[in-house]
Amino acid sequence: MLRTKEQFHEKLFAMRPNVYIGGEKVGRDDHRLKPGINVLDVTFDLARDPEWKGLATAESPFTGEEINRWAHLPRNAHDLMQKQKLIRLGARRVGGCIQRCMGHDAISALAICTKEMDLANGTAYHERFLKFMRRYHADDLVGCCAQTDSKGDRMKRPSQQDNPDAYVHIVEERKDGIVVSGYKMSITQAPYADEIFVLPTRALMEDDRDFAVAFAVPADAEGLRLVTRPVWMRNKDDEDASPFCRYGVSDCVVIFDRVFVPTERVFMCGEWMFGRRMAMLFADSHRHSYSGCKPGVSDILCGATLLAAEANNIQKASHVKEKLSEFAAASALAYAAGVTAAVYGQKTDSGVFFPDSVYANVGRRMTGELIYHEYNLLTEIAGGIAATLPFHEDFQQGENVEHLKKFIVRNPEISAEDALKIWKFIEDVGTSPMAAWYKVAGVHGGGSPIMETIALNMDYNYADKRQLARYLAGIDAEHDDRALRQTSPGLEDHPN
Amino acid sequence: MLRTKEQFHEKLFAMRPNVYIGGEKVGRDDHRLKPGINVLDVTFDLARDPEWKGLATAESPFTGEEINRWAHLPRNAHDLMQKQKLIRLGARRVGGCIQRCMGHDAISALAICTKEMDLANGTAYHERFLKFMRRYHADDLVGCCAQTDSKGDRMKRPSQQDNPDAYVHIVEERKDGIVVSGYKMSITQAPYADEIFVLPTRALMEDDRDFAVAFAVPADAEGLRLVTRPVWMRNKDDEDASPFCRYGVSDCVVIFDRVFVPTERVFMCGEWMFGRRMAMLFADSHRHSYSGCKPGVSDILCGATLLAAEANNIQKASHVKEKLSEFAAASALAYAAGVTAAVYGQKTDSGVFFPDSVYANVGRRMTGELIYHEYNLLTEIAGGIAATLPFHEDFQQGENVEHLKKFIVRNPEISAEDALKIWKFIEDVGTSPMAAWYKVAGVHGGGSPIMETIALNMDYNYADKRQLARYLAGIDAEHDDRALRQTSPGLEDHPN
Amino acid sequence: MLRTKEQFHEKLFAMRPNVYIGGEKVGRDDHRLKPGINVLDVTFDLARDPEWKGLATAESPFTGEEINRWAHLPRNAHDLMQKQKLIRLGARRVGGCIQRCMGHDAISALAICTKEMDLANGTAYHERFLKFMRRYHADDLVGCCAQTDSKGDRMKRPSQQDNPDAYVHIVEERKDGIVVSGYKMSITQAPYADEIFVLPTRALMEDDRDFAVAFAVPADAEGLRLVTRPVWMRNKDDEDASPFCRYGVSDCVVIFDRVFVPTERVFMCGEWMFGRRMAMLFADSHRHSYSGCKPGVSDILCGATLLAAEANNIQKASHVKEKLSEFAAASALAYAAGVTAAVYGQKTDSGVFFPDSVYANVGRRMTGELIYHEYNLLTEIAGGIAATLPFHEDFQQGENVEHLKKFIVRNPEISAEDALKIWKFIEDVGTSPMAAWYKVAGVHGGGSPIMETIALNMDYNYADKRQLARYLAGIDAEHDDRALRQTSPGLEDHPN
Amino acid sequence: MLRTKEQFHEKLFAMRPNVYIGGEKVGRDDHRLKPGINVLDVTFDLARDPEWKGLATAESPFTGEEINRWAHLPRNAHDLMQKQKLIRLGARRVGGCIQRCMGHDAISALAICTKEMDLANGTAYHERFLKFMRRYHADDLVGCCAQTDSKGDRMKRPSQQDNPDAYVHIVEERKDGIVVSGYKMSITQAPYADEIFVLPTRALMEDDRDFAVAFAVPADAEGLRLVTRPVWMRNKDDEDASPFCRYGVSDCVVIFDRVFVPTERVFMCGEWMFGRRMAMLFADSHRHSYSGCKPGVSDILCGATLLAAEANNIQKASHVKEKLSEFAAASALAYAAGVTAAVYGQKTDSGVFFPDSVYANVGRRMTGELIYHEYNLLTEIAGGIAATLPFHEDFQQGENVEHLKKFIVRNPEISAEDALKIWKFIEDVGTSPMAAWYKVAGVHGGGSPIMETIALNMDYNYADKRQLARYLAGIDAEHDDRALRQTSPGLEDHPN
């Protein structure tokens, strides 16, 4: 089933009110949530657009029906590349974060890890999860992912915390389900999701058993509260708001206050030794998602910088051209890391195809290290005007309108109206609250650079390099190049 | 005379209303201007504080009285170093830009250039300017500097523009003065200045003669309009607002619409061949000012990052300590460039002591290249919370207060109240509109990095390096190391 | 046919002597050329090793026989990826440059461009070239590429030079062929190649017609002289030389002094409008080759740094692990750029499959920008010993041997013998003449970073980003995402 | 006394032979040591040149005579700035390392630390050291410093090593002196020094008491062996060798095999609690020395890059000018750090004036981080020719001389002869063994960047930044700006 956005809204606005903004409980139709919902709308529209069939959609193995690709479990390298493209397409439509990859990354992690737990322990999580997925496909649901716990003292593991709610955990096991409590934070998109997937956020030890818990809950479940911080543009209500201003995002502290989760929605329950695996499956899948989203963001920053250069009539200056080419590199290298993570991905026991973690991590780390620099490039080319431009109203009313219209034109080829649109866009993209959000998300979303460094220190094949060096140094007589033979299944005898 | 801040306010609020915000004319007592005025207040308080006598003050050569150092023309290397310190001290008091250096840099430029014009052309600008300064000292006035023109098409010089108002220029010469029109932009502090110093912004050719104009006008002169963009913190009116939130800034598009300037206030009038000189005197002095201000900003970012690290209880992690040391370098190298620009400065014909341009430029460029990176460091250590923290009200009212108070504590040594103050501070410093302003100002204030590169390509002694290389390569038989002998007058036989 | 290395030697040593070193004519069996020949030997061995069949070999479309992949014209994305792997495999075997990619890149460029010239002009170069290739396959020949002209004054085009020999050009056209003169420089591998492929190095205008010339000549043709600069390791003749020391390289100034080229070997003759195309086909193919070679070099540098860290017993220090992970990124991102250039490559009219130029260029530029930094990492971890270690002989003879054996051990797990091997390897890899060559080649081989910036400024789809930004800014009502639909033929419906 | 270089040679060549190269004992007149001795000669010549009186010389407080500044203990900020200049002057004369700063830094450290030990413990080291200095001045001696021990296992302190000789230590205490054994490494200049100053290299604990030892020994003392690695240019013996090629350097492993040191030469003997202090006094003084030497090296690299740009006729290209300005920054910022370390230095109890450690460390770290990048800039501008230029002999003899003379000219303004000199210079500066040495020394000399990071983490006033942030965040009511009041004695009331 492919819902319309109107159907999505209808279900959404009928949910139990449990969203809080600024100390007040608000409905999901609050105007401050609208910019985020506008983003979701695009994901429904794209799926119903014949133009993007097969990219924005896929075929459900359960229902045989065409489904939104966000709900699809990747089965091969091509699926992963299509996901990348869809994220980039979405990013370009909404001016940045398409917000649905977290839900997608969560279902991949759950599908893979439930299978692996079952194989190790003889449990039956995987079938339970697939059953859940059948309904998820049939109803075209939207899930978000709540992974990041509030964490408390970072020098201590979950079970060692003074405040047990620092991590979401099982407080009671019942015959028909479990009761959970605790805090998740920085949870994007939760106020306009149907479902919340909950996963552990880190490696666990035996005494952290209660914290080894994964499940799905409706976003308005009893005991669940979404303390929400929306980001919206100051001129979002303007009649003449630009497309960029229509979109925004909300993040939540999600409070679990003795939330009951029925057994059929529980996908991990005490398997502490799979804590790290589940956490990394989500993280690595999400790092691969960044290889689609970040190039989209770079596309926008590149375009914005180009417009600023044109408005300043400096687009042919040598240093401007060199700076523009940095966006090309930032975008293309990140995208390449994602493509290659797909090409060298692997089929897991669950049948879900998973990106190579080294390529996913080097790509994500690079984007996290570059994001501030990219905003710096925009600022350098745009000039001080991005922070000192008079307010929009000054250009619309009062005694200075004519002066300001003359003031704003710097390139004779660009009208005052377009010049103003360009500079407001530069301000929106570069110095607005949304820009602040994108910088922080650009560093931390999917794991900050230091997390990718840690992942690389575990996953990268240093032993191969060491062995190679020992051979070349004359210490060992041989070395083994087998690592080079790795190929994505199917590409080996690529027919073309 | 050293005015009290109350005296400053009194004069300010009595000025002719010519400030516009959002299309409306407002009084200088508008609450949105208050954060900027609060900054100026600090500069009055410091000068009257015996603790800082001799640093925040100096002796006027005209009146013999103790004056605010901001109005003092530097007479030796020590004066330049005291200016640096005063700027850094101010920056630490107001959380960043102390806003008065532009006025200071303008009077240095005017004092020097008027003397040089007189020597070249037999004019009498310098005496006229000194006369103006006498009153400036006597009345303890506050001046800002309007240098940056709106510029229009950057591929054309002023006289080639379709829109002549793209640069401020003389439209009429009268017996008793001149009439000027045009737009200046990104002019900081103008709505709470007594005087505006106007200088040319670039090199000029003969047909740009009308654009070679420098003068001082009262900030509420007839025909002058200040289209103002204030920046203020969202919680500035909170009773419990932090010191950081009390301060802000305003920038203006300054519209000169046939403003009359009487002769005694005109300090350049048609001397196009001194356009570049005047522009660079201001720019280089201002770049030297950055060597005091930017270390202050780095001090704040360093401290904020430290608090974030403590709140996350990760202050002892190796990568955190490495990152913190980057602030030490950013701050100390910028400060060192300023000290050395002072030590190797030169006495000009006017008697004003001027910083060495190479040291001033390399220091300013480094800070402009690093500022985004420093915010990046803060973001890396602080984590996503800087962009996703619930609003302040959520911690104060409604049903989630107790949960959120538990949520906010990550380091058992830090109370919920202090933790909240820390995270709000991180948000204010790192992701607020003020933060956006500081990033842009950090790149462009005093000239963006590309401008310093251009200045270095003109001022750096490349010929010396070329000659040295030719000697070492065996092409020329000798080279000359005289460049190394340069010493600041007085240090040569430093007595200690 | 797959020659043995002995067969290769036999033909090589029978060539007309036209190699010069240090002002003397030497035979191709000169010991200083041996390290380079050792590299070529590896390429013959790999092709005959059943282990690497299909990677080191391919099937000739002309002879149907198994041929060395270096002589194979890529027909699909998989071929390009196999080339990448082969280059990396070779790099790991010989400690760096495998030297045969230039010949490979040349035949790709010639195959593609001859077809395009024929289609445009009705010439018959392509068939002529394929005929040449048949023999090339049948005889398993080794070709190198002479592209870079000596260039003379870079501000002038070829026909404007005072010295016409600054670029190789046609001096006479005869019925049976052409006569060419001029200088090529930095030509790798020429003294141990069977054939030299000559291509133009830049865009040409109509009056540069004589410089629009491409052809193949035997490396010992009459009138051809190879002024050769070999690089060899100081201890290459040691009995106990490490594998790394066995290999080296030679570059030449190639002097064409009225060299006759028979018609059947001429593949471009006056088609100045294809000058840029031919030059870029070689350059972009070569930039793609770097995506295989540079990861191999990074593998070696990474391994060397690891060994140094172990020998210093600091391999677990946090900053060491962070630095090591930089090699992972340098290697994996470069490799990913190559894989993606292949995946998004295109079939040309000639049937040859060509890598995407944007991915090839961003990858190559990144490697060129990083190479010095990678050596810096090695130096940082290894310490000063890389430059101050006593000579090898000090460890072998004289009165200090026992002291030095005690001196050299820093990690109790590593014997004196192995420690010495490690430090000599660090010295060979990091501070030897070979290291200097790798740094320079790492910056310039295939085009220096500034050349890739220029290529990106031409090839990157900036118009797409501009259009996107104009849409998001509200200037244009729509934008077009079609650029995202690009897929490598065959991957679209990837079967896996 | 100011010796002539001939007097220096005479004493040197009369020393007991204890220098080893390549397993053989050689005289101090070995031709491979000559390039280093040539450097020392310059330091003698400068001191006797009236041109540099007061810079290259100072007045001895002991003898009242004019002495070489290298032997002078700094008494004020001006002395430290003169040292900086002298080092830069020397660097420019010899194409890089002037080699005498280590001896200078050692005497500063010894003078200061002996005084502090005496004050703490009532010993009499300081007077003993001053007595030694009287003779050092009177005889115009040359000292080098042996600080870096071979260190063995870096995870263990000296007394924990399996091999006690990993650090120099006391093996016997006699009535008239001590006997020491152990290895020092990377000791520059030792084979052409009169005296070797020996200092501990790290912090020590109580059981490391035997390793807390400092003293001076003649460089040919019994039991002392200098296993030497000289670096010399390949064409040093050419008649037409360029000045750059005349100079070189030697480093040693210094073997102490039961060397007797008479009491009057022992300056620390068991004071383990001063191990770190002595080590850091030398290190910080040496880091300050880098602020003179590194700008000199940057001057040379800048000049070399300029010559390469001219020879390529690309000196006006925008990207070339931007790159050249990076040298200006590298040089001027490093120099500024040194000047400011002097200005904010402090008089120690010994009367010796010592540079501020924060400025010394940020400056040194920056240079250590930039050195590879500077070579990269040179390589980028110079092109591949730096690694592929035919050998010198090819331009002098054989059949290709005329061709190569035409080949080498790229800028019509530069003769073949000068072009060849330029390219050989580029090769010597950029890719020779000397270049490799300068890169490694540029990273590690005076302590690698990670060592400066560690020093900053101890010395930088983070508490001040933390307190400032707590004030601005509203946590603490006040903060203290006293740190800003620091001024160098004497500059406070700078008279100018």
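Residue numbering begins at 1 within each chain, and the chains themselves are lettered A, B, C and D in the order written.
Here, a residue touches a chain if its C-beta (ideal position, glycine included) is under 8 Å from a C-beta of that chain, and two chains touch if they have at least 3 such contacts.
Since this is a predicted model, take the numbers as computed values, not measurements.
Colleague: Where the contacts of chain B and chain C overlap, which chains show up?
Modeller: The shared contacts of chain B and chain C, listed by label, come to A, D.
Colleague: Compare the two sides of the chain C and chain D interface and say whether they are made mostly of the same residue numbers, over half shared, or of different ones.
Modeller: Looking at both copies, the contact residues mostly coincide.
Colleague: Report the chain whose CA-based centre is farthest from the CA-based centre of chain A.
Modeller: Relative to chain A, the chain whose C-alpha centre sits farthest away is D.
Colleague: Determine the centre-to-centre distance between chain A and chain D, using the mean Cα coordinates as centres, and give it in whole Å.
Modeller: 51
Colleague: Could you state the distance in Å from the CA-based centre of chain A to that of chain B?
Modeller: Centres of chain A and chain B (C-alpha means) sit 39 Å apart.
Colleague: Going by the touch rule set out above, which residues of chain B reach two or more other chains?
Modeller: Residues 319, 322 of chain B touch two or more partner chains.
Colleague: Hey, which residues of chain A end up touching chain B in the complex?
Modeller: 20-25, 148, 150-155, 162-163, 165, 183, 185-186, 225, 227-229, 231, 251-253, 255, 257, 312-314, 319, 371-373, 375-376, 379-380, 383-391, 393-394, 396-401, 403-404, 406-407, 409-412, 430-433, 435-437, 439-441, 443-445, 448-450
Colleague: Within the complex, which stretch of chain A touches chain C?
Modeller: 55, 75-78, 81, 85, 88-89, 92-93, 95, 240-244, 299-300, 302-304, 306-307, 310, 321-322, 324-325, 327-329, 332-333, 335-337, 339-341, 343-344, 353, 358-359, 362-363, 365-366, 418, 421-422, 424-425, 453, 456-457, 460, 462, 464-475, 479, 481, 484-485, 487-496
Colleague: Once bound in the complex, which stretches of chain D touch chain A?
Modeller: Residues 318-319, 322 of chain D touch chain A in their complex.
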